[in-house]
Each structure stands twice: as structure tokens, then as C-alpha cells.
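Could you have a look at this structure, given as C-alpha cells, before my questions?
Chain IDs A, B, C, D, E and F follow the sequence of writing; residue 1 opens each chain.
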Amino acid sequence: MLVSIRAVIGRDLRLAMRRQSDIIAALFFFIIVVSLFPLGVGPEADQLRRLAPGVLWVAALLATMLSLPRLFADDHRDGTLEQLALAPQPLALIVFGKVIAHWLVAGLPLVLLAPVLGIQFDLANDALAILALSLLIGTPALSGIGAIGAALTLGVRGGGVLLSLLVLPLYIPVLIFGAGAVDATLSGLGAQAHLSLLGALTLGGVFFAPWPTAAALRIALE
Amino acid sequence: MLVSIRAVIGRDLRLAMRRQSDIIAALFFFIIVVSLFPLGVGPEADQLRRLAPGVLWVAALLATMLSLPRLFADDHRDGTLEQLALAPQPLALIVFGKVIAHWLVAGLPLVLLAPVLGIQFDLANDALAILALSLLIGTPALSGIGAIGAALTLGVRGGGVLLSLLVLPLYIPVLIFGAGAVDATLSGLGAQAHLSLLGALTLGGVFFAPWPTAAALRIALE
Amino acid sequence: MSERVINWFKYASPQTFYPLAGKLIPWFWALAAIFGLAGLTIGFLLAPTDEQQGEGYRIIFLHVPASWMSMFIYLVMAFWAGTGLAFNTRLSGMMASALAPTGALFAFLSLWTGALWGKPMWGTWWVWDARLTSELILLFLYIGFIALQAAIDDPRRADKAGAILALVGVVNVPIIYFSVKWWNTLHQGASVSLTKAPSMAAMMLWGMILCALGCWMYSIAVALMRVRTIMLERERHTDWVRSVLGEKE
Amino acid sequence: MLEVSNLECVRGERRLFAGINFRLDGGEMLYLQGQNGSGKTSLLRMLCGLTPAAGGEIFWRGRPIGQLGEEFRAELCYLGHQNAIKEELTPLENIVSAARLAQETLDEDTAVDALERVGLRGREDLACRYLSQGQKRRAALSRLVHERRALWVLDEPYVALDKAAVDLVAGLIGAHLQRGGLAVLTTHQPVAVPAAALRELWLGNGDAADVRDSSARC
Amino acid sequence: MLEVSNLECVRGERRLFAGINFRLDGGEMLYLQGQNGSGKTSLLRMLCGLTPAAGGEIFWRGRPIGQLGEEFRAELCYLGHQNAIKEELTPLENIVSAARLAQETLDEDTAVDALERVGLRGREDLACRYLSQGQKRRAALSRLVHERRALWVLDEPYVALDKAAVDLVAGLIGAHLQRGGLAVLTTHQPVAVPAAALRELWLGNGDAADVRDSSARC
Amino acid sequence: MHWNNVADFLAMGKHGPYVWGSVIVMALLMVAEPVLLRRGRKKLIARLKRQFRVERSETPADSRPMIVPTGRSNT
């Protein structure tokens, strides 16, 4: 079981490496959104600091969402998805591997980069730490929930928009608790509560999501 | 000549209609980005009003940029681009048609929607008008400049990121003059100067861009 | 499949359900009108003023039924979707699709009346409070369900894909319901519960319950109307649709 | 081992076929024929369990494939119209990772050998994007060289291949049948599979009323 | 009319062919043969002016195609491995808009007629996504029914087609040749084109160092 | 009866716009839904009848695939 999850992760990571775009795309988009804002809004430190958690989390959310349509689309187009569906192990396991690979490629870089970008917004050290931590805990949920949406809209007319429509409502709690955690730190309250809720969302998202995703994929292949 | 431009525009619009996603995607993305911000940042009217021009223009820019990779990619993949390159009229003309279609699909809806979203940010009427006007003048430049980037990165490894890298620096002037125009209105100064600069960028972008784009496409097809 | 199961599924076949639904619809309309009028009479004409909230509280007679229905319809929709996925019955998917727009309507009304109530009571149209947010998510789920089904041409595939979404979204309903308990928020807690004695005046309670019954009957009537249309559309190749439409000539 | 009873296929509002019955045992090959759009691909996908049948049942070793699930898939090798080749990866990486996903062990030497057999020597480390159409198909088919699963379902395997490659693939199928394997195959090119116990199945064209039931041997 | 002198093709670090010479006149067809990866597609794309040649020249009516540009393209019809069919559009929309882009006038009736000729009757209004592999290819080839440009360059047109469709396409090519047109064609399936003045060109396999530029007539 | 006069009833103790805003929107939508449904149903029935009429003028083609077991051969 572990072996086949490893095989999926390995393959997806290698593909991402080969294409490179996937890794950098999310990251680059994140940087762009975050850096364009001070440009459009003006550079007052106080205002920027208050904006920071919101802007960073919204940017992370968008960056993850944008990479979702390709999660299964490439495999669908070139016939690999059929092969995966016909593999002897449960499809949900393979999906689990793909979710993890997606997070490693699209989520983890954001976590690592966020503190650096946070400095631009003049955030204090503890807020930076909580920012990174909240992203670390929260982004896997984005990948997990997103996988369901990506599978449901696979090969469907108007897939991209529909995907956002399906996925965004489910992302809102993550956004609220994530940005809330940083906000709470900024205003001197503890971020504990927000973070544990975020953790619950992630556990639910990552471990529950592969099943409906696998079912949706089978439907898409019919 | 007009006939063949019309044919290109017609075909691209019909495709967009069929997929629908393309039209709504940019629009929906625009709405999402703009509405998520109050969610992440907090709903103080004064702060929101100051943020508005920046947020709206950044969102418009991102929305346009996101639809760029598909400007030629679909045609490339299924062999239509070869047919276009082999058509008897100059490729630049066809590109011109595609740029216009792209703007009609990805740019115009933003112009129409922006004032409505601006109301959420509690903008005054004159600022709303200038916002829409600046978008109307500025977004064609985004499509034109974007086409060059899309053609240069066609079929290239890591195309998406590369595209943003190439295109963004060229977009920043548009962003600065566009958001600047609205800012100027908000602070009581005239937006005239900003708008005419924006107009110059657009004229340059739309009429000059098809030539390098066509050349880049021929290279991509080799 | 055993005899008994087939019998059980008899009314699950569109061609027997279609005329049955047709006969039931007027009755549900009548009940909806009776309950609705009674509830509104009590709520708007007879019930006394609330001490804290003044007359504004009367929105409760619209807000609470709408909110309840939005959640309840989602559960029923998910139930049908789930049975459709499990047993592959034709009717289930149609029922789920028929319920969604009505559910979306009530979710929207819940938000609308809630917002209109919030302005005088809390001083704001909207806060990002757990209950309000989760109710908004419910509306998005309905819209997503409708949009997803509309985007897929093949009705069987559309049913299945929709069912998965509906089932995934079910987690949201308990969150809406218990959010006031789990997080302390601006929104009011439950005042009607099965275990405790009701904490509001009997008159108000009755008004609310009658209005809710009215909405319930309305939902059934509308859903039946819609499911009949969907049946005609989807089963247009079968003989029974031809004969149904032929007779009407 | 593979048995199909009363299979029916409906696409959109069109009934492609109905009442399909056949039985295939070890060493036998089913050659599925029919015009474009007659439902060959659809039938193959049903056999794999990818598409649910509108009616009828499919049995593998006497049990319905729906019940068997993973057990059945572990004995199945499907190759569709699409190559299932990643353009970014090299042929070598492609077949190694495909094998790993199918829970087989394929060491690098065997893989290189398979690629050499299908004539991709010297191209092992060239990204598949640069390969010619036929070379891509060869890369996809190189899976068959060391494939030992019992049931092969191949959808037009010969497309885009040159004569030499077609013979090679036919030889691979023949060897598989002689090992006691089963194969289901569609193709519009008449190709002789060596030493095959052949069964043919004609699908009529769903459109036309003129269903021809002629059958030819090849 | 079409003349090629000393053509050379280099891909990556591999020289696929060199020293290719031939001349094709009205009513003649060039049948390009060679193993997978021998450079057939590359040669065809050079003939169209899509890929620049590493060496040598291509003349159309006595003038280099690079100089002619649009004039040459106005007489050229190219059909590649890819179908150039939009999955979202129906076959009808596809060929009408393709014709419009090629600056031809194709009214709806003619288009419907062309689709009927290639056996897509009843599928005119079904999105191409739902078509079978062969039906997609047929939709792409329906362009040829009313095509009157002089030079047809077809890259494996018969792929995925059934017997009837192959014959139909061969017939279309034959008629084109009889009208005095030219055709350049690759295929791995031996198909007889009726009444064709045939010339054959063999490309050696690029792997081997021995680039053969033998040419034969049949 | 709780109210003294119609004006009071309409004013709803300063909360008139909010209360009536809710009532009106809710009533409108709940009337609109069945009306739209009826209209949609009529359109559908008209369309289907048109289709049936067209179809009756054509004869449906029946297709039956043939299975030809060819036995063993050694080609």
C-alpha cells in the first residue's frame, strides 16, 4: 500500500520537476499577487500590516486553486487516468498519493515562502511564525478538498469555473480560520483555537477526500 | 482582410460560447479575488475604499493573465494552429483577430462588472466611472501584450510561469496608470493624464503586438 | 432482486409516480395555503410585541421557516442522491435535481431575511459569523450542485456527479445547526428543541411552526411539479411519455 | 474464462449494440470488428469495467467483474486509443513508472530491453515529446513485451505503426496466447496473429439499417 | 510544379535525411514511405513551409516557397497527424469555420453534404468530443470532399479509418489527381489510389548512418 | 388583534422597511417559482410534441449486432 502511494507521489513529483512550471507557477503566482498589492494600494506600513494576513491567505488560496484543474486533466487527456483506474490497488489510494504530491508541489513552497513575503508587510516575528504554521496546517486541506472538485469537473463543459464554484465555498472556512489565526496573534489573542480548527479541517479533508474523489473519477471515465 | 479577421473573431467567440468557461472564468475569477479580500482583510469602509482601485486593477490584471496560456495552446495541441499558419492571409491578421476575440471574452466583461464590484467598496460615482473607463482603455493593451508572451512560451517547458515572467513587467505600467487614474480621482485630481498614457499603451500594444506574435508562432511550429 | 424489493420500488418508477404526483400537487398547494395563511395571521396580526426587539422580530416568522427548509431540503436531496448512487433507481436522481432549486431559494431567503433582520438588531447586514458563513456555503453548495448537473450532458452521469457533491456537502448541515452551540457567536441559539420546553411565547411558537409547515408543503408541491417536468424531459423516448402527452391532445 | 452475456450499450440516445454474447478461454483471441463508431471502443471499455453496461453481465472466471474489482484488474492489461505516455518523460521513465503504478517490478535493464525490442534503442533518454507518432505508439506498446497478466484488451494497437512494428506486436500477442493468455483486439488493419485461436465478432453500425453480418478470416 | 532539390533535415543532433530530390507534376502523387521515425512527417512539414529545411530548396511553379509565401499557401491543403478538430464544436461548425479561415466559401448545405459523404450523417450536431476515434478523423477529412486547391499534403490520412472510409478517401485523392492536382501522402497501410500516377520515395531509418535516398516508381 | 390601525401595522415600530422588505421578497420569489415552473413545463411539452411529430414521419432503424464464432484457425 505504502509502495503504491510512494510510486504515485514519485511519478507526480518527477513530472512536476520535468515541467518545472507546476512548482514555480503556484509559487510565482503567490509572489505576484502578494507583491502587486502594495503596488496598487500604496505603501503605508500600518495599513499594510493589517492587510497582511488577508492578502497572504487569499493569495495562497488562489495559487492552490489555480493549479487544481491540471491535477487530473493531463492524466485524463493522455489516457493515464484509465491506467490508474485499472491498477490493482484502490483508486482512492492513488488519489491520496496525488493529493500529497499536489501539496508538495503547490502547497509546501507557499508555506516556506510566506514568512519571507510577510516581512515585506512588516509583520512581527511571532505573527510570521503563526502565518507559516497556519499555512502549513491549512494548505493540505486545500489540496484535499480541491481534489474532489477537480475530479467532479473533469472533462465537463466549463470545467475551470465550475471548479472554482464548487471548491471555493469549501475553502472559505480554511481562509477564515487561517487568516483568523494570524489576526488573533496580531491583536494579542492566542491563535490556538483557530489552529486546532484548521487542523481538524485538514485531517478531515486529506483523509476523507480521496473516497469521493475516486468515485468522481470513475464517473468521469465512464 | 476584414472578412478574415471577422472569421477568426467569430470562430473564437463561438468556441468561447461553447465552452462558456472562458467567458465566465475570467469574470468569476475577478469577482472572487475582489470579494475574498474584504473577507480576509476585514470590512472597514474607509480602509476598503482606499484599497479599491488597487484591488480591482490587480484582479483585472490577474484575470487577463490567467486566460493567456490558452490563447494559442488549444489550437496548438489539436493542430488548428498549423492550419491557421498555412492560411493564405498573413498570420499577423489572424493574430489580430484572436487578440480582439480575447479581449471581448476576457477583458470586456471585467469592464462591465467592475463598477458593480466597486460599489461593494463604497466608491463614489465619479470614481466608479473613471474605474470603468480606465479598464476600458487599459485592458486591450493587456490582451495585446499578453499575446506576445503567449506565443513566445507556446509549447515551451514551464510555459505558464515563463509567460507571467515575460508579461508582468510589461503589465506593470498599465497597472500603475490604471490604478493611478482612479486614485487621482479619489484624491480630487484629474485622471486625464493617466488615461491618455493608458490610451497610448493600448494603441501601441494592440496594433504593434500581432507582428512579433505571428513571428513567435511560426517559430513555435517549426 | 426479490419480489418484495420490486414492489417496494414500484412507486420509484417514473411512469407510476408521474400521475400520482399530478394528483397530489393540488392537495399540497391547499395545505400550503392554509398553513401559510394561519401562520402569517398569528405571526403578523395576533402575536404580541417582543420586549427586546420590538416589532422587527416578526421577521422570525419568515426567517426561521426559510432557514429550516434550506437545511431540511438539503438533507432530503442528499438522501435521494445517495439512494440513487447506491441502488441506481431512476427516480432518485430526478428527485434530487428537482429539490435543489427550491433549496437554493430557501437558502437565499434565509440569508436575505437574516440580513434584513441583522441590520436593526445587530447594526450590520453581515458578519463572518459561523452560522451565517455556513448558511452562505449552503447556498453555494446548492448553486454548485445545479451548475454541475447543468454542465454534464448525460443525465446519468450528471446524477452521479451531483450525488457525490451532495453527499460531500452534507457535513455542512450539522455545522449550520450546531454552530451556535459550538462557537459563541452573534446569532441566536435554538429556541425550539425537542428535549427542553420551548423558551418563547406559545403564540410565537405556533406562528413559527405553522409558517414552517406552510413552507414545507410549498416545497413538496413545487418539487413535485418540477420532478414531473424532469421526468418528461428525461424519459421522452419511452412509450409512457408519448401516451401521457398524446392523451392531453 | 471471460464470458459476456447479453451485453448492451447505450450512448447518448443511441443504442450502439445489444444482445452480445461470447465466451473466451485461455489461448483464444477475440477480434472485434465493425465500422467507425459502431461501438468497439465502448465494448472494450465495458470489458475493463470502465464503463457500466446498460444491460447484461460480464464474467471473469465465472464471477461478475463488478464483484471481483481489484482481483480482476490485477489480471487485466488495457491499451486504449490514447497512449498513456507522458510527453515530458523519456520512454524509459514512462514504462518504469507505469509498471510501478501497476504494482509490478520492472528493473531498469528489463525496461531498456523492452524498449530495444520495440525499436526505440537510442531514444530511451529523449523526452517522448520529440518522438514521431509511431515511436510514441511503440513506447506505449513496449509494456506488452514483459506483460504476463492474463487478459489483454487492446484498442487498435497497430495504429501509426510501420510494417515491422505491426509484425512485432502481432508476434507479442501470439506469444501471449500461446502462454495461455487471452486477448481482445480491435483493428481496421487486417493483420495475421501467429498461432492464434481466433474468434470474430462483428458490431453492426448503429446508424445504418444495413447491418452486414459477413465475417472474414485473417 | 513541386520540385525539391537536395533537401536535408536535422532533428536534435540526428540527421534524418539528406540529398532528397524529386519533382511532382499535375496529376501525380508522391507516396512517401519509411519506418517510424524516419522523418516522413518532418519532410511533409518542410514541404508546407512550417519547418525550415536544414539544407536544400523547395520550389513551387519554379519559385522557392519561402519567396511565394501566401501565394503558395493559397494553393496548399495540409492535413497532419492531428485532426485540427475542436472537441467542443460540432462537425458542421468545425468544417464551416475551418473553411472560412482558409478564405473559402462553404455554405451550410455543401458542408452537410460533405459530412454525409464521409458517413457522419446524423452526427452533424453532436459535439466532436462524443465521436469515436474514426469519426473524428472522418470529420477532419471531410474537408477534402470539396477541396479544390492544387497541392494536398496528407500525413497518414487513413489512420483510425475503417475499410469503407479508407476507400472513400483514396477515391477523393484519385479524383483530385484526375483534376490535375498534386498529392503528397504518407501511410503505413498499403492502399491503392485509383488512377494515380504514382511516385514513391523511401526514407531510410534515421537511426542507421546509411541514409538511403533511393527512389522507385510503381 | 394586536394592531390599532393600518399605519401602525405598516410602520412595524420603525422596522417597517426591514420587515416588509423580507415579506415582499419572500412572497415574490415564492410566487415566481411555480409560475416559472408552469411556463417551463408548457414549453417542454410543446417541444416534445413537435419532436414526436417529426419522428413519426421517419421510421426508426433497428440494429442488431451479429456474432460469428469462427472456431479455431491457424493463420
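Just so we're on the same page, a contact is a pair of C-beta atoms (placed from the backbone, for glycine too) under 8 Å apart; a residue touches a chain by one contact, two chains touch by 3 or more.
As the structure is a prediction and not an experimental result, all values here were calculated from the model.
Undergrad: Work out which chains are contact partners of both subunit A and subunit E.
TA: Chains touching both subunit A and subunit E: B, D.
Undergrad: More contacting C-beta pairs: A-C or C-F?
TA: Between A-C and C-F, contacts are more numerous in C-F.
Undergrad: Which chain has its C-alpha centroid farthest away from the centroid of subunit C?
TA: Between subunit C and every other chain, the largest centroid distance is to E.
Undergrad: Please compute the C-alpha centroid of subunit E, do the same for subunit F, then give the distance between them in whole Å.
TA: 50
Undergrad: At what distance in angstrom does the C-alpha mean of subunit D lie from that of subunit A?
TA: 37
Undergrad: Averaging over Cα atoms per chain, report the distance between subunit C and subunit E in Å.
TA: That gives a centre separation of 59 Å.
Undergrad: In whole angstrom, what separates the CA-based centres of subunit D and subunit E?
TA: Centres of subunit D and subunit E (C-alpha means) sit 29 Å apart.
Undergrad: Return the residues of subunit B touching two or more other chains; collapse runs of consecutive numbers into ranges.
TA: Residues 18-19, 39, 157.
Undergrad: At least two other chains touched by the same residue of subunit E: list those residues.
TA: In subunit E, the residues touching two or more other chains are 81, 88.
Undergrad: Please set out, as single numbers or ranges, the residues of subunit C touching at least two other chains.
TA: 128, 153
Undergrad: Under the touch definition given earlier, write down the residues of subunit F that touch subunit C in their complex.
TA: Subunit F residues touching subunit C: 1-3, 9, 12-15, 18-19, 21-23, 25-26, 29-30, 33-34, 37-38, 40-41, 44-45, 48-49, 51-52.
Undergrad: Could you please specify the touching residues of subunit C with respect to subunit F in the complex?
TA: Touch list, subunit C to subunit F: 44-49, 54-56, 58-59, 62-63, 66, 101-102, 105, 108-109, 112-113, 116-117, 119-120, 218, 221-222, 225-226, 228-229, 232-233, 236, 241-242, 245, 248-249.
Undergrad: Under the definition above, what is the set of subunit D residues touching subunit E in their complex?
TA: Subunit D residues touching subunit E: 11-12, 34-37, 40-41, 81, 119, 121-123, 126, 130-135, 137-138, 156, 159-166, 188-189, 207.
Undergrad: Please give the residue numbers of subunit A that touch subunit D in the complex, ascending.
TA: 3-4, 7-8, 10-11, 14-15, 18-19, 74, 77-80, 82-90, 94, 218, 221-222
Undergrad: Any idea which subunit A residues touch subunit C in the complex?
TA: Residue list for subunit A touching subunit C: 148, 152-153, 156-159, 162, 165-166, 168-170, 172-173, 176, 204, 212, 215-216, 219-220, 222.
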